[in-house]
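Chain nomenclature is as follows: A, B, C and D, assigned in order of appearance, with residue numbering initiated at 1 for each chain independently.
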Amino acid sequence: MAKKLKGLSRELIALRVANELEDGTYVNLGIGIPTLISDWIAGRDIILQSEIGMLKTGPLATGDEVDQDLINASCQAVTALPGSCYFDIVESFAMIRGGHIDVAVMGALQINDRGDYAGWSNPARGLFVGNIGGSMDLCAGARKLFIAMEHTTREGEYKIVKKLTYPATAIGKVNKLFTDLAVIDITPQGMVLREVAPGLTPEDVQSVTEPRLIISPDVREMAL
Amino acid sequence: MDKVISSVDEAIADIPDGAVIAIPGFFTCGVPRALLQALIRKGTKNLTLACGCGPLLGAAEEMRALVKNRQVKKVIDSYALYRSATKGMQDPFEQAVRAGEIELEVYPMGTMAEKYRAAGAGIPAFYTPTGVGSVVEETVVTNIEANRAPKETRIINGRKYILEYALKPDYAFVHALIGDREGNLRYAKTARNFNHVMATAARVTIAEVENLVEIGELDGDDVHTPGVYVHRVVKVERPRFAITID
Amino acid sequence: MDKVISSVDEAIADIPDGAVIAIPGFFTCGVPRALLQALIRKGTKNLTLACGCGPLLGAAEEMRALVKNRQVKKVIDSYALYRSATKGMQDPFEQAVRAGEIELEVYPMGTMAEKYRAAGAGIPAFYTPTGVGSVVEETVVTNIEANRAPKETRIINGRKYILEYALKPDYAFVHALIGDREGNLRYAKTARNFNHVMATAARVTIAEVENLVEIGELDGDDVHTPGVYVHRVVKVERPRFAITID
Amino acid sequence: MAKKLKGLSRELIALRVANELEDGTYVNLGIGIPTLISDWIAGRDIILQSEIGMLKTGPLATGDEVDQDLINASCQAVTALPGSCYFDIVESFAMIRGGHIDVAVMGALQINDRGDYAGWSNPARGLFVGNIGGSMDLCAGARKLFIAMEHTTREGEYKIVKKLTYPATAIGKVNKLFTDLAVIDITPQGMVLREVAPGLTPEDVQSVTEPRLIISPDVREMAL
């Protein structure tokens, strides 16, 4: 297969994830599409944790707001909010690994129907080593793990696969997957298709998804 | 106790070739840049730079000089390469890693934090769930094949964990917003990151501080790093960072 | 998020019989006395009180009531008995321990601290040098003989260490000088002791605070316990302690 | 044997230990005679660590100075000094166990000539459990461990013994022993008698010491 369907923009994938996040929760957003979620939850009762050692991370800083001592884990200047606090890296990862973060949202290169995913290393780079960052800790410790990504590669190759060919970040940890084309639950039975992007059918989504999808009886259009 | 040293060069004068030096900082934030520059001037060779999250991407100029001078033998980090493969191919550090001239050993960031924490706290080893199911479980992840070594795992209460060991550097360079003469330190916002834990981990901790204050000026409940962990204090100018690693 | 609860009684209303509750405080300092008093009023039974350094010697009145009401099944601590054997013989808690009616399990204080720290940080087990060569190495140290169990040791780099496990309480009671509505806490001087780490360790953390402030009133670099660890906040009067355990 | 020699007061034992402590060091003082050392080092460049979570512990508090939020590990109200700082218990024991404290001075019930000592539990109390407190961590982590105690029990029984009969606090960790009668180094060869209290001979000290003492060639009167 090498096929590319037209779906949501990256911003709208982020919106769909934002709609899934509950008020009163602590959330960590990874690099890529997850970072865009912060725009959609501004003003909501959701507190963002940043691996670098910050709770209640505010919007990106611009102009005079920029402070080199206040960045997020993606190396972007951010702002503080009333109630923001700072702590060292050991405390930050105690929070993450210790089960204190309700939801982590991460990007991915590949994911399979058992909730394994790959994100930290692209073998095309030809290096055994790579940038692990905080990804594996978030997988190990967050109460729920969401993946937000494009459904296929730019070339239309499967990213949702039967078997990972990229190095795994974590095994069996993903709860829910949000793409430009669909919302999919990872269940003990496999991938359950819950929502499809406007204008698409479950069959369309299946056609760009390698593992067999279980079509939810109440599958519907994505709630944006 | 007065731990103030008059210059960064004097503060690092005793560091021998082959030393393991902890370098805190999270990309461009909280990196002890003045001490790194002194290290370049001194020309110390065969160094192991024990990092946490890409401070050498943040202090790119210093890293390029260290690589060019062939001062670095090994880097330990969770995030040491440019995100962009294209940019990485042009980076002298990545080129040296690809050529096997510099060893790069990587761990998950929380494991790095915990390895320093263990070293500082007298804990020789600990179990962590992080990395189970990944290559991190199978082996020490390094570009030097001969140095890969299997890791031990253990099931505790039905869950699998990896045994990881303390990492004790010979020296730590730390960067603080405020330091007093006895080495009590306070950091600014997210510039705290790896600074505190590395100060606890090393045999000798050298702190560069933007503001040097007299003993008693820091409130006892406001100290982030108690002076017991800090052996030398040196006043530096506030460094300037362009906030980008791309 | 507003985590403020209007009374200590409401704040602990859901604690079931059989709960494991972490009680911070170092003798008379930093003990969550108002929450303990609520626990006496509620009459919850079969409790395990997971302590660190003798908070129940400090809050002696509360401990006597808990023992008298037969609410306590077990105490875990590093220092739970009166120093004086004579005074101990007259103490209802020690009498209950001698009679085997209450279990007392003891660890070195640093191991207690580390057990809570591990629970909060997702570390299931760690190695420590503390207690090697003592009975602490041989067995779980408890007055109930049936619950003694051998400990595992391991030689790492030529030194012997004991394997100890995380201790995760169901609830933690903590006492802070200042708390905001989102649960960010700040402690006073040596009253910090076990409060922070127990807040991180428990499934549900309830903080009694002497001063309740609005969100944003605490500077982000002055927070000792980030709000993510704290589930309920309740304003209490500053307690009064006679500083003595003799 | 049951013999009691007249030696130094507890205050003077503390003074002798104080003279041994070097300027520029971090020291932890245990309960009992060690606590008395703080009076002798006031004004010196020695920083006291207290397990409860304090560095640079000041003299005992009196009158209006008493603050219930400021006590030492022996449950005594203390004062702060310029530069005093506070931290949580995990940090406190990281300092202790992690090798950051130069010297710990502890009391003891018994000690032998291999540097094993017993202090946390008196079997006469009839309990398997007891108060360990911070003692075992200090033994495990302090760079040097000094014991300060009476040479014999009140009844004149040996406290310096061939074999511990009380439960050990630590094995092979004691570097130096200060009593009312003597200063003794613990070496791989055994106990080396360095100093004797005024008016006593090495033979006097040996007579109340169960293991054989190695008399240092330059044994002298205690330096007070």
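What we mean here is this: contacts are C-beta pairs under 8 Å (C-beta built on N, C-alpha and C of every residue); 3 or more make two chains touch, one makes a residue touch a chain.
None of the values given here were measured: they were computed from a predicted structure.
Student: Return the chains common to the contact lists of chain A and chain C.
Tutor: Touching chain A as well as chain C, we find B.
Student: Just curious, how far off is chain D from chain C if you go by their C-alpha centres, in Å?
Tutor: Distance between chain centres, rounded to whole Å: 28 Å.
Student: Taking the mean of the C-alpha atoms as each chain's centre, how many Å separate chain A from chain D?
Tutor: Result: the chain centres lie 56 Å from each other.
Student: Distance between chain B and chain C based on Cα centroids, please, to the nearest Å.
Tutor: Each chain reduced to its C-alpha mean, chain B and chain C end up 34 Å apart.
Student: Among the residues of chain A, which are close enough to touch at least two other chains?
Tutor: 54, 80, 86-87, 90, 93, 96-97, 140-141
Student: Mind pulling the chain C residues that touch 2 or more other chains?
Tutor: Touching at least two other chains: 114, 117, 121-123, 128-129, 187-189, 192, 220-221, 224.
Student: Is the way these chains touch best called a line, a ring, a star, complete, or other?
Tutor: Chain contacts: none of line, ring, star or complete; other.
Student: Chain pairs that touch, all of them, please.
Tutor: Pairs flagged as touching, ordered by label: A-B, A-C, B-C, B-D, C-D.
Student: Any idea which chain D residues touch chain B in the complex?
Tutor: 24, 26, 45, 47, 49, 54-56, 80, 82-87, 90-91, 93-101, 140-141
Student: Looking at the complex, which residues from chain C come into contact with chain B?
Tutor: For this pair, the touching residues of chain C are 114, 118, 121-129, 154, 156-157, 159, 161, 165, 186-189, 192, 220-222, 224.
Student: Show which residues of chain B lie in contact with chain A when the two form their complex.
Tutor: Of all residues in chain B, those touching chain A are 26-30, 52-54, 58, 78-81, 83, 85, 88, 97-98, 104-111, 113-114, 116-117, 128-136, 141-143, 145, 177, 187-197, 224, 240-241, 243-245.
Student: In the complex of these two chains, what residues of chain A are touching chain B?
Tutor: Per the touch definition, chain A meets chain B at residues 31, 50-54, 66-73, 75-77, 80, 86-90, 92-93, 96-97, 116, 120, 122, 124-137, 139-141, 167-172.
Student: Which residues of chain B touch chain D in the complex?
Tutor: Contacts found on chain B: 1, 117, 119-123, 180, 182, 184, 200, 215-216, 218, 220-221, 223, 226-229.
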